[in-house]
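As written, the chain order gives the labels A, B, C and D, with residue 1 at the start of each chain.
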């Protein structure tokens, strides 16, 4: 029961979904949609597990007065503020509309945090390229050159530097060529490889060959 | 934007920014608020965007509690006496509840059923989807732009470029060939493939730099223009 | 002298990353306070997008899908603003949707900017409608392929979709002349290509964050008629449409920061070769 | 080897047949009646929309000669439907004038509101601003559902072929056939990385991507987690798995528990090893960033699906000098991992990792099957380009996935 049933569920669902791709007739046509709805429902239940875990871990820190415990307390407080505001003070289903308390928290707290975190990448891109783009090996040199040309080609400076050359050698054209030709080729090789890797992983899962996700016993 | 809101936003922004210097209490506050608020945000969103419309609406629970006017499976079954496909969403509800049984020490194993369902769905969908869009579509795209022999431009730039792409794809795929040692012809081809991959990585990286800079521009624009009013 | 040199280069090799951070910060900050304008050449993929929309007849029905959130605003919002302004000028009928929850709000922001620029408003329900967000990612696109009014039964403000004049005669993609997609990831342009272009033959143009763009490049041509890649793409689009806006302005800071990074890579490599040459006793 | 070639050729042949087997649309024609100055569409056909679940009929017509590119004179088409040729016809939709679509001469409209088995007649009105002209289909059309989407036949063949190949190699591997697997640099380093963490008495972080269980990469990442966790159990190192999805948390716990059981140290496992932070991409990144600088793990694994947070994570890890082994099939994020990590599994290598680490015959067999698929695709490209260039037929169309069902 503990392992057989899950394996049967996985195999059935997987095979049905592969077939639905080729069978237009009902119910196969809509199964895709139904299953993805179910997935979302399960995910929405599961977030209870995640949220409780977050509170448990943070709560433990506070309770045992571990190092930095006040921050753990702050995690718990902000979580409950958001949840209580979302469920009780923001008009139910249309909680995301402009003007609700939830959307105010979103706009003034969540959004600046997420945008700034994202923007940190501007700095990290700088430090990563300074450190990593060194012509240590032939491969690294190729990587470096491609990055160099594309970077310069993306700003007007690149063209200014190469304006004395014939048009097709202008930096922006070289950058476009790199993007369109060798970059596309590499992307495609990666994509086709991924497709095959996905196919065989999926197949192993459907056939129950790969079953570590089910745990032991 | 309200002034208070802008100030809160600006202070939190600076909190995150301060991490670049080093880890500090200011960042820790911003981080803790971020973790709590975002976990709460997703908790609420998933309820309203998944649980409510996908499960409770379909089953008719929302109507039962007067939160909606649309009939669900319960209404069609008991009021109209008809079977509706929405009733199948009971299965989804059951699988969801099985997930929660994990909270009880002895019930962990039952959550493997919904897990198996999810893994099965993912495998089934990705199997064909990736084959179609990642493998077939890319092979077709690699071949379809070749100019046919005898047509004008057969020996032109287009075909040369197409040939470069073809060489790149074939050699790149060779690099991903696992069950043969990479030496001799295979090794040489795989080597060419590695160079193509390196160009791809370099180019993608270089291309991305711009985008990351613009994110920072957006944030600094917020700080200088909206918060401090230093620029128009 | 030689010894001093070696020490200098070696220091450069292991420079504290915070120094790089300061340079980037300054490079982006300073130009924001200056008034400079750059000459920006137009790339073929932007040209192709512009050609496609400029050939649409006046009054064409255009579907705009905004699939991003505030995180990608600096890059994509200027594109949305310019596109809406262009639509308003050309009297296109605009149907807005979002595959990301925040897309609908972004659209409203962009619409207001566009209306201020042109000095005329979209008549809601006649030349413009916001159908809001719909959960389901590519399933939404697939659903629209069979019926748009069924997939979006009410608009963003909760009014039944079919009650608006703009939606008369719109059943599915066959009644849409052009689809414009602004995308910052999944679901986005790739899904539009796979599910709308490949299955329903829509004509698609897209604006992408610079990160997303390389992944979309392989579809350029038959499947995708033009890409606006990152802020530069946005700036080029502003130039082609003659509607210079934020993207053109921000490009200065971009260029500065970009140049700084290129210089840093150069310095790092010079330092690398200088120290390596010294160590091995030869100049490479 | 000859066997492989035979298989490849067989595959190519099957593909060829499948392309040839695409049925042309059948339908019926039309009578035109002109009522005003505007010319009616010359030819209207209606046919059951192919490869669908029924309930849809496609109407196709040639453009009216007056439908030229000037919307001032031509107001588009109305599509009408009736159950008898005499009418009454009711309007079901309209299509604007002007050229668009892949074929500028013909226009199509899909009526998705038909009942299977009912006979319908369709009319198309070409409209000018002063009147319209109508063309009616001459014979009735009905819609029906199909049980096989013939336009996907080429893909179906690949599904069958790959499944067969993978199953074949799995069974031959199980029968004892030795299968070779090439070196994968990132995975060679796993032992060393875990060992170093043990020596230094520091933690190992394992980040299984930021996507949910509906992404195969996440599952592949968790499979690798299983192997890494087994190592940490054997070395008695401490592993932390902070995750950003609840379902991933649940699965990862099962995986780690199983690994500790297999390593013979079930008592060393606790649920606290795997914990949830937040579903939010950057909230998660902020949390990890803080944890990494404060706890200074010796080794960090990133295995799974990543978006923009990849570089935030990898740069922070790099700044504290951790050994970092990344692996993802997200093409856009690969460059960042390559730049900031010590080792990176590129694309398909992520999926090959579990076979490499376990060396189980079943896993190696499926990898071999995967390679055979690759070989066939390479052959298809090489043979294809010759056929394509020689102009015999459009070889690339064998791989078309355009115009699928639903």
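We adopt the following convention: a residue touches a chain if its C-beta (ideal position, glycine included) is under 8 Å from a C-beta of that chain, and two chains touch if they have at least 3 such contacts.
Only a predicted model underlies this, so the values are computations on that prediction, with no experimental measurement involved.
Under the contact definition stated at the top, the chains bordering both chain B and chain C are A, D.
Of all chain pairs in this entry, the one linked by the most C-beta contacts is A-B.
Seen from the Cα centre of chain B, the chain whose own Cα centre is farthest off is C.
Averaged C-alpha coordinates give centres for chain A and chain D that are 16 Å from one another. Chain centres here are Cα means. That of chain A falls 4 Å from that of chain B.
Annotation: 13 Å between the Cα-based centres of chain B and chain D.
Note: centroid distance chain A to chain C, computed from Cα atoms, is 19 Å. Shared contact sites, meaning residues of chain D that touch two or more other chains, fall at 155, 159, 162, 214, 216, 219, 247, 250-251, 254, 277-280, 282-283, 286, 294, 308, 331-332, 334, 336, 338-339, 346-348, 352, 367, 370, 374, 377, 401, 404, 406.
For chain A, residues that reach two or more other chains under the stated contact definition are 18, 21, 32, 36, 39-40, 42-43, 46-51, 54, 68, 96, 111, 113-115, 117-118, 120-125, 127, 129, 131, 133, 143-144, 147-148, 151, 154-155, 179-180, 183-184, 187-188, 190-194, 196, 198-199, 201-203, 205, 213-215. In chain B, the residues that touch at least two other chains are 16, 19-20, 28, 30-31, 34-35, 37-39, 41-42, 45-46, 50, 99, 102, 112, 115, 118-119, 121-123, 125-128, 130-133, 135, 137-139, 141-142, 144, 166, 169-170, 173, 176, 197, 200-205, 207-210, 212-213, 215-216, 218. Chain D meets chain C in the complex at residues 56, 69, 71, 92-98, 100-102, 108-110, 112, 282, 307-308, 319, 331-332, 401-404, 406. Those residues of chain A that touch chain D in the shared complex are 18, 21-26, 28-30, 39, 42-43, 46-51, 53-54, 57, 68, 113-114, 117-118, 120-121, 124-125, 127-129, 131-133, 143, 187, 190-194, 196-205, 207, 209-210, 212-216. Contact residues on chain C toward chain A in their complex (touch as defined above): 15, 17, 20-21, 23-25, 28, 38-41, 43-44, 70-71, 73, 101, 105, 135-136, 139, 210, 214-215, 217-218, 220, 230, 232, 251, 254-255, 257-262, 264-265, 268-269, 272-273.
Only residues 51-54, 145-149, 152, 155-156, 159, 162-163, 166-167, 170, 212, 214, 216, 219-220, 222-223, 226, 245-247, 249-251, 253-255, 257-259, 261-262, 272, 275-283, 285-286, 294, 308, 311-312, 314-315, 318, 329, 331, 334, 336, 338-340, 346-348, 350-352, 354, 362-363, 366-367, 369-370, 373-374, 377, 405-406 of chain D touch chain A when the two sit together in their complex. Note for the complex: chain C touches chain D at residues 17, 56-61, 71, 142, 145-147, 168-169, 171-172, 174-175, 177, 185, 198-199, 201, 203, 211-212, 214-215.
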